[in-house]
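Quick one: the structure is below, questions incoming.
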Amino acid sequence: MASATTAAGTPGQRAHDTARLLVSCADGPGIVAAITTFLADRGANIITSDQYSTDPEGGRFFMRLVFHLPGVGGALGELREAFDREVAAPRGMRFHVNDAAVPKRVAVMVSRYDHCLLDLLWRTRRGELDMEIGLVVSNWPDLAAEVERFGVPYEHVPVTKETKPQAEERELELMGGGAFDLIVLARYMQVLSSDFLDRIGTPIINIHHSFLPAFAGAGPYERAKERGVKLIGATAHYVTEDLDEGPIIEQDVIRVSHRDSAEDLTRMGADIERQVLNRAVKWHCEDRILVHGNSTVVF
Amino acid sequence: MASATTAAGTPGQRAHDTARLLVSCADGPGIVAAITTFLADRGANIITSDQYSTDPEGGRFFMRLVFHLPGVGGALGELREAFDREVAAPRGMRFHVNDAAVPKRVAVMVSRYDHCLLDLLWRTRRGELDMEIGLVVSNWPDLAAEVERFGVPYEHVPVTKETKPQAEERELELMGGGAFDLIVLARYMQVLSSDFLDRIGTPIINIHHSFLPAFAGAGPYERAKERGVKLIGATAHYVTEDLDEGPIIEQDVIRVSHRDSAEDLTRMGADIERQVLNRAVKWHCEDRILVHGNSTVVF
Amino acid sequence: MASATTAAGTPGQRAHDTARLLVSCADGPGIVAAITTFLADRGANIITSDQYSTDPEGGRFFMRLVFHLPGVGGALGELREAFDREVAAPRGMRFHVNDAAVPKRVAVMVSRYDHCLLDLLWRTRRGELDMEIGLVVSNWPDLAAEVERFGVPYEHVPVTKETKPQAEERELELMGGGAFDLIVLARYMQVLSSDFLDRIGTPIINIHHSFLPAFAGAGPYERAKERGVKLIGATAHYVTEDLDEGPIIEQDVIRVSHRDSAEDLTRMGADIERQVLNRAVKWHCEDRILVHGNSTVVF
Amino acid sequence: MASATTAAGTPGQRAHDTARLLVSCADGPGIVAAITTFLADRGANIITSDQYSTDPEGGRFFMRLVFHLPGVGGALGELREAFDREVAAPRGMRFHVNDAAVPKRVAVMVSRYDHCLLDLLWRTRRGELDMEIGLVVSNWPDLAAEVERFGVPYEHVPVTKETKPQAEERELELMGGGAFDLIVLARYMQVLSSDFLDRIGTPIINIHHSFLPAFAGAGPYERAKERGVKLIGATAHYVTEDLDEGPIIEQDVIRVSHRDSAEDLTRMGADIERQVLNRAVKWHCEDRILVHGNSTVVF
């Protein structure tokens, strides 16, 4: 296998022989040895390993391992239990172990801008993203035909100030209950309520069209033009109850000049938005992201 | 002359045959023709011309021209007067015309961080910047020996809460009265008072160690680490009475990761700071910048 | 009009009141004045002006002007004739003047990779590119359905070693005779013959999947992996008889690491290819590019 | 310790309690477990771990570990022996283990351009690079005073076609015999002979002023201008007998335009050269680089 990037679950590799392990715990001596010995004893070969500690003394330890073990996909339950008993529980570790051959099930929420959504649909079809888009939910009907061409169902759930609670109930019906591994807000222009966030039980990634924390909130391109900045950006982050304040996954920028109007910024920014969102979603689907307080560790 | 960038006043070109004209006025038909005909009638050859209008109907027009005219350096007063009478006054234009062979006289203010200051001294010595550094003023004595190696006088003006008014008087003595064309704050950690800014009568460029408007104020690298951003930046701007709110000249960023501590951000950011400041100062010294409200037009 | 970028012919501006003038000639005094006076005398307001001289003494002069003149779209023939007589012919100028409200007619040639083609179709539909795609020609049938969804005809012209002359005849029938203003090779994997290039009479832009002149020819990503470079790139250039040697319009790069396989480079490079091609095509369609020997001047 | 970047040997950390282990061998199961168990058994706490395999089946395995072990600096010989016996020899591993508190001893070779040299001297003085510059060797006398200000000896070894063998003998005397851990060619304009390279026994890093493999050899900026590229770059690589063909460590680029002359490219490129060289030297001094064939693995 030539590359760590593709090591763990590009769509061609569907032999269920590769798994990914994410671990976090209080740092201390012997953690890496305990984990790798556990795997070596079962005949696993570690393909990729990344590790980070906020402070070797009293800090927090994070690790991502990708390992090859014939048949691991059919034996995850047993492996999980043994790892918990032998390694994780004694050290107070939090961990996940996933079959790298199982793509993530993703729902996308969108309003009327199509660029982020189309990019995700198109990259998924090309096999660039280790995921399946099972549903698109929108508060507008506009993009239905475009989405259905990709064989993906489109649910129009209108939202008004009055109907927002019912709309969110419908969204919970459509996307809740563990039906999806990830929800992506691909320029969804409604704020999700705390109640929705409490109940959905699924991580949500949003793309914000500015370089946060600059220009949080509405109209970032207009405000960027007004302030005369020389670079504009986009930010992908996990959604929390504090709008535009969740853990940042990825950011990027593009150079602009006095010649560019707010409309130009909107057009140029659209390119950055889709790239940044694509990277954040890709990393999430490859189990590369660990949340640490209000930050992310991206391996 | 092979390049617009060097067209107007790199140190080797000291024949006083090249001048730079900066113009701004309300937009309308015939402005470019009036200006270029004025120059053509005097036998000038336009080397570089840049132009921008915020809106051809009712907007503001900006222009920078570099032209070649044998002996122009000795005839600027006369040219200025004729241009004002024939072109500028009838149209309510604001304009400057400078001899490209005369480097800008610059004073630098600094505290204890040496990286921005050394970069300016070193680039000036190499002939990269069309300026002469005539004075360094610092509220600390630390960098005196380093500066004096470059043959530049160093004035230590200590500032405490109590002595600030007197300190600023001393700074005005040293740098006021038109002695300098530009003052550069190369990580000067004191806030200049409104009174000082009113009286100094010289443009001031500051380098702020964040991507403004994010992390305005103190401790930007610490706050960037805390917020978990994936890029850090620096911003060069003209100083106004509103701290960190003046017209932005240049910005740039560098990618960081969860592995980088606030100290790493400080070290990595230092590289961006000196590049961004260098570009802003270079453009100012080449008469490339026009201020438009709280933004800049950089030609 | 708020921006030079959009100043000249975004699809909304269809009033035929704006034109673009491109000029090149031997440099000398008075050229700018002659051109701008000609326009001012007709009541035109110059919106944008860019100019470059390789050397004010004995060099070559290049200029792009966008000007507003009510009704100019209906009077281009007359304007062209007057400009030639009064300004261009006496100075040996080459020039073009185009109605900014008339989008360029573009044909795209493609093989089996869809990413560059889809990006062009999609951006054209969104109104980001000042052009109309009138035809897609491919040596493979694969992308027909995808293209036809955009309402664009798709011609499958198979090419084998033996049938290449006939295939090129067919391509000349389809795209020659001035039917198009531009042909874009959006990852078209056949080499066009000198005969074809001589006869087509239309500028052709190609995207090459490396940072030229590195890795000219076949298999650039494989060779980049083998050489162990730390950045990969893409290059958009005008097609000449010397393969991968024509005037470069735009280039960009992306960072890669030892972890990335040749397949990863191919995937990551695809993103750069479509961005670089998009910019080159956009600039061509906005009349921003002048060829100078084997280089380009891009205003 | 807050960061992997600073984890291993910033100048402040001189307690000799941290070491770095670099390993390469044929890949296979159990390698990571064997290494980490060896360390855990001695009470070491792993601070940072990076790993890469070209192919889990039949590929080559690379690892870098930074670990904390009180007193390790005084016990490296013993540790090395035990690791060889228990872990490395049975698996045919190549490995190095270094005390992170011992800075690398570096000699710099330079001709007349000062920018790369000064940047290294200045960063070393600021504590940014985990090294000590013990000697500067130049075929020109020009930079002696500048270097001596930093307290570093400067040896002028003139080189002519006729005296090259004797000059290289003198250079071997000055820098050979294990006196240095690294030699940096900071724009040294002489080609080192195969004989010199065979005998010096020390890794050599060179900065080449182009984006290799484009513009290998002499005059890259002139050739870049002539070819009309839109980005220029610099490449740091290990020196081998094939000029400009050694393993690439780092590369970067900067955007240029038709307006920039070859002199401008030289000036702009100088900034990229010093940044790229700085990163390559920094990584080497932090034991982050493993050579794999003609490529590098940079952790």
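Each chain carries a letter (A, B, C and D) given by its place in the written order, and its residues are counted from 1.
Throughout what follows, contacts are C-beta pairs under 8 Å (C-beta built on N, C-alpha and C of every residue); 3 or more make two chains touch, one makes a residue touch a chain.
Here the structure is a predicted model, which is why all the values come from computation and not from measurement.
Here A-B and B-D were compared by C-beta pairs in contact; the pair with more is A-B. When chain centres are set by their Cα atoms, the one at the greatest distance from chain C is D. Each chain gets one centre point, the mean of its Cα atoms, and the points for chain A and chain B are 42 Å apart.
Centre to centre, using the average C-alpha position, chain B and chain D are separated by 37 Å. For chain B, residues touching at least two other chains, in rising order: 2, 4, 52, 259.
For chain C in complex with chain A, the residues that touch the partner chain are 2-6, 115, 118, 122, 126, 128, 149, 259-264, 267, 271, 275. The part of chain C that touches chain B in the complex is made up of residues 1-2, 4, 27-34, 36-37, 39-41, 43-57, 59, 68. On the chain A side of its complex with chain B, the touching residues are 52, 211-215, 227-231, 233, 247-253, 257-259, 292, 294-298.
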